[in-house]
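First chain written, first letter: the chains are A, B, C and D, and each begins at residue 1.
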Amino acid sequence: MQLGMIGLGRMGANMVRRLMRSKHECVAFDTHPDAVQALVKEGAVGATTLDELVKKLAKPRALWLMVPAAIVDRVLADLTSRLEPGDIVIDGGNSYYVDDIRRAKELSAKGLHYVDVGTSGGVFGLDRGYCQMIGGEPAVVKHLDPIFAALAPPIESAPRTPGKEGPTRPAEHGYLHCGPNGAGHFVKMVHNGIEYGIMAAYAEGMNILKHANVGRREHAADAETTPLRSPEHYQYDLNVADIAEVWRRGSVVSSWLLDLTAQALGSDPDLAHFAGRVSDSGEGRWTVTAAIDEGVPVPVLTAALFERFSSRGEDEYANRLLSAMRHAFGGHQEKPAAQ
Amino acid sequence: MQLGMIGLGRMGANMVRRLMRSKHECVAFDTHPDAVQALVKEGAVGATTLDELVKKLAKPRALWLMVPAAIVDRVLADLTSRLEPGDIVIDGGNSYYVDDIRRAKELSAKGLHYVDVGTSGGVFGLDRGYCQMIGGEPAVVKHLDPIFAALAPPIESAPRTPGKEGPTRPAEHGYLHCGPNGAGHFVKMVHNGIEYGIMAAYAEGMNILKHANVGRREHAADAETTPLRSPEHYQYDLNVADIAEVWRRGSVVSSWLLDLTAQALGSDPDLAHFAGRVSDSGEGRWTVTAAIDEGVPVPVLTAALFERFSSRGEDEYANRLLSAMRHAFGGHQEKPAAQ
Amino acid sequence: MQLGMIGLGRMGANMVRRLMRSKHECVAFDTHPDAVQALVKEGAVGATTLDELVKKLAKPRALWLMVPAAIVDRVLADLTSRLEPGDIVIDGGNSYYVDDIRRAKELSAKGLHYVDVGTSGGVFGLDRGYCQMIGGEPAVVKHLDPIFAALAPPIESAPRTPGKEGPTRPAEHGYLHCGPNGAGHFVKMVHNGIEYGIMAAYAEGMNILKHANVGRREHAADAETTPLRSPEHYQYDLNVADIAEVWRRGSVVSSWLLDLTAQALGSDPDLAHFAGRVSDSGEGRWTVTAAIDEGVPVPVLTAALFERFSSRGEDEYANRLLSAMRHAFGGHQEKPAAQ
Amino acid sequence: MQLGMIGLGRMGANMVRRLMRSKHECVAFDTHPDAVQALVKEGAVGATTLDELVKKLAKPRALWLMVPAAIVDRVLADLTSRLEPGDIVIDGGNSYYVDDIRRAKELSAKGLHYVDVGTSGGVFGLDRGYCQMIGGEPAVVKHLDPIFAALAPPIESAPRTPGKEGPTRPAEHGYLHCGPNGAGHFVKMVHNGIEYGIMAAYAEGMNILKHANVGRREHAADAETTPLRSPEHYQYDLNVADIAEVWRRGSVVSSWLLDLTAQALGSDPDLAHFAGRVSDSGEGRWTVTAAIDEGVPVPVLTAALFERFSSRGEDEYANRLLSAMRHAFGGHQEKPAAQ
């Protein structure tokens, strides 16, 4: 079927490519003409204005937005004034599901349909396919099924879950209609919250392995340093790259994130290319906020989020205050960083 | 080569089976004659006393212990008095690496060699193979290589890590000589610590999804209940089994633990067969203790451990004290559980 | 000066009493005539309708709301239609500061002034005084100064902070104009967030003390129970009530919450009157949400909040899933609770 | 009565002074003659060798060690060879209670008595008195009662706990015989663990207050920065020093640590004298380790400990790995620190 793609960045352009592999017709729009031109060369229909994009699509139109969450509302304003009742707008980016609920209502008042799709797969999606979590009206989601099916990973990318028999269920094909509007991004939000937790679990564990030789280091013998009681238990120089690799086969912690970890450590075991200032892009925060609203405890996911904040120095004032208190009651002086 | 296996429980028996598939000769010992007999029928040599076991093994003997951590020292005492210099004892269970360091010294004084092997793979190891993390003297570990290779998963069980070229490294074969004695169980300990963290990340995320309909529930309007400000944002009845399934293909959080989660939720989405009292069997505790000794922060791994303690009610006295304080300063009464 | 009090519950009635001790004239209103009557007997002017209340107050009127956060907006709607430009409404309850910002704007459009006051002191405020954190326009806050001063604790209730010299600053008198509207409840919110953290620190510590005799208990020797390596280190039967009491004098952890803890444990060391289902009433949640918005890590305050959620069983589904995973990969069975 | 003091640092010297105020006879020993001389001028008997110290004490001797935990065993070795059966050695420092249990046994074999005393009070103890938590044999602890009583704070330093009537209990006098050997330092250990938690609660809360103006800052509008949805809610420039001061009177979070916080912020609200590298000196680690041994969840105390580790950069490798993973799956680049 035909789809208009708005936003031809890394994600949007690759989605167009994957759709064309399944013979779907894509009208590709971006504010950067070069990005449009590149896809036209690969077989897409190009559009360099919204008017042109809308004109080139048959009714009811289906338009997929793949733009930064911060500008979705602006693009929607420009776009929806050009659309007609029955047209469908899909937000495939990382929007907050709370915005989806509002937008779906706003579009509905104009006779337009809104679909929110959380997509996971990152820069590998072109070849691996995109896992899609979808929120919207059942009939509209059903209408778009060929698009979702083409973007999704092949069913063979994972062995069938033991116990499942007979005809496959939709979820086995790598995309899922999760519920009404917002449900797609809600599930994607939690997906990313879990991702934070898993990443932190590996990172903390690897940090323990990396420090398994602390018993060999000379330790300051002053009142501000806790002595290591059993240095003989921490004499290991471990090869973390090899350890990540060995866990990939047969172990309980094998995962795609571990595959990536093994690759990253394989090429740079000291991770010297990174400073350790870890960004967060919203979903982790929204996940914790949702948990708090629900009254559900999520200490692991929250600890993972806060580690990122701390990695960027946001704990500094709190730490200064701790040093100030220690100085106040015990006369403790801060120890400078080891040279 | 020849190996004596001590302990024919689920893990030990399956290891014998996997070794025999590679034509290794196994002498199988257990205090339960039935367990020995079962393996004899499958081709193993049987032994019902330690004396018999030792007699049936050629020198230098190689003996693999697959017994509960709590009885390793007792078995070692019985066993080593029957061994001769040059013999090798392998502890393949879940021993604390600190015990390995001690035991290796004790055995070394008798001319015996000790090897510690952390094995991951659980009940699936017979077919999938066992990921093995090994600590011991280089020559001894090298001598045992055919055993480790036979137990390990096939290299094909994971695609080669991009960037790796040329001849395969040992870690790619699913087993790794991590370092001197204790290193094997040290790495396995951290492996399990990470496992706790990953499991908790999934569990917390699924709990958020399960509660995504709290906006539909009627809420008490009293001073002891925080009102939900936006019930319209929590109206989703999500199918957690389908969500676990859809994440298996193409998503960033795909993993073997997710495969198992999808299977468990697929057969029982409400998990009614479980009460939620989660055991811990030592490695998580030791991981956190090691991190503390090293001065390395592991908030995620620790939160995961403490969730297990709380699941067994170990937070009860602390919670009572919180209620007592709230009553003391604010006159707050506890709310009974909802009926 | 004259003040109208709306809401004569435990907090509101005692505030009226404390104000009358300083010879302020209070017009006391409540929907329960008995509550009004009780204060009239003690010297207050009574009002049983809002019309009566408004009529009995001189212009510009000053009205203090001491009602549950959930009904503030309803009361404001009824009240403000009866007021005249220049009148002042004070919300002294536990409102969310985000609501204050909105309300101040709404009232301002009608020429009314809004002041938000976070008050701490609980059921002891009548005698100890109320610590007040205030948000609003400077001139309006200044106008109300006699009220705040009368409600506040005496300066003698704490020794002067070393280093402070000369005339006292307002903060030394137990009340503080923190900033524009919302600032009062923002500071109170964080105050309560800190309160959660401190309470949890005591509760967790006391729980450790209470379990200091675990080495004496018989332990199950099965694979689902981590053995205690050094039972000889956990042989203490500690008197937690005495320990709370001894810390009250001279120790670094002395505090008012510890005083209350000592009292609670003194009368019931086993806390048998409490089940350990700990409510939370919003401020802890809002504190964490604010920290997340600010990008500030607050692992301690969040852990304290989540302990309350868990105490009410909100972790149950997550825990079941953990047991289900353990069963799936390792065949582990749940252990029933000890009888 | 007579007491020998070994170690005349800040704590030991002040204890001698406080004892002399109550007319106890102190024999003061230190390896630094100047420290001895200073106390001799104030009325103490001086000793510059252990032999001299032992000689100047009447039998049964009572000796109080106030030396760094790391050298206690060495001092004990030198000292005990000079003592006679019936003599008493008190360790008043910050020893690990596990060492106490061992030492008590070792001394007992020589007919000597060992008493462990956890003391809290810091640099203020001379005037405020020392809160003492005591472990040892009942008769020996009773024998030393005059010493403990003189060091303890006066009962007037806290109002009597409501509900306590009749003759005072020992705990009300600021010192407590907690149990057999090790119990004193066990309780002190948990005391310090709680202290970590309380300190962190204040520090995190103050950090939120300090960032309450983030809505005013310009924010990067890129994919690596989470946009602040409601900047209008974070427009407060709060005076944290005043806020700490106002909470000292009448609020639920008043405490001695808050008094110190108010003083520190009063003299330096930006805490520019501190870098925020927070030491930990063992008790926090031991507290968490004890909790893990007991199977008791302590997420708040642990989070507080880990914040200290992170403040010293011990999370760096973990954070680098997180950045490496994000780069691997999403092509995310690290953002440099703001200039």
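Assume a contact is a pair of C-beta atoms (placed from the backbone, for glycine too) under 8 Å apart; a residue touches a chain by one contact, two chains touch by 3 or more.
Per UniProt, the chains are A, B, C, D = 6-phosphogluconate dehydrogenase C-terminal domain-containing protein.
Owing to the predicted nature of the structure, the values given are computational and were not obtained by experimental measurement.
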item: Chains in simultaneous contact with chain A and chain C; value: B, D
item: Chain whose mean Cα position lies farthest from chain A; value: D
item: Averaged-CA centre spacing for the pair chain D and chain B, given as whole angstrom; value: 38
item: Distance from chain C to chain B - Cα centre to Cα centre, in angstrom; value: 43
item: Centre-of-Cα separation between chain B and chain A, whole angstrom; value: 28
item: Numbers and ranges of chain C residues touching at least 2 other chains; value: 122, 200, 202, 204, 207, 211, 226, 229, 252, 257, 263, 285, 293, 295-299, 303, 306-307, 310, 312, 314-315, 318, 329
item: Chain B residues within the chain D interface of the complex; value: 252, 285, 288-289, 292-293, 295-299, 302-303, 305-307, 309-310, 312, 314-315, 318, 329
item: Touching residues (chain side chain A, partner chain B) in the complex; value: 97-98, 101, 120-122, 125, 128-133, 152-155, 157-159, 161-164, 169-176, 178-180, 182-183, 186-187, 190-198, 200-202, 204-205, 207-209, 211-212, 214, 226, 228-230, 232-239, 241-243, 245-259, 262-263, 266-267, 287, 290-291, 293-301, 303-304, 306-307
item: Chain A - residues contacting chain D, complex; value: 10, 68-70, 96, 122-124, 199-200, 202-204, 206-207, 210-211, 221, 223-227, 229, 257, 260-261, 263-265, 268, 271, 273-282, 285, 299, 303, 307-308, 310-332, 334-337
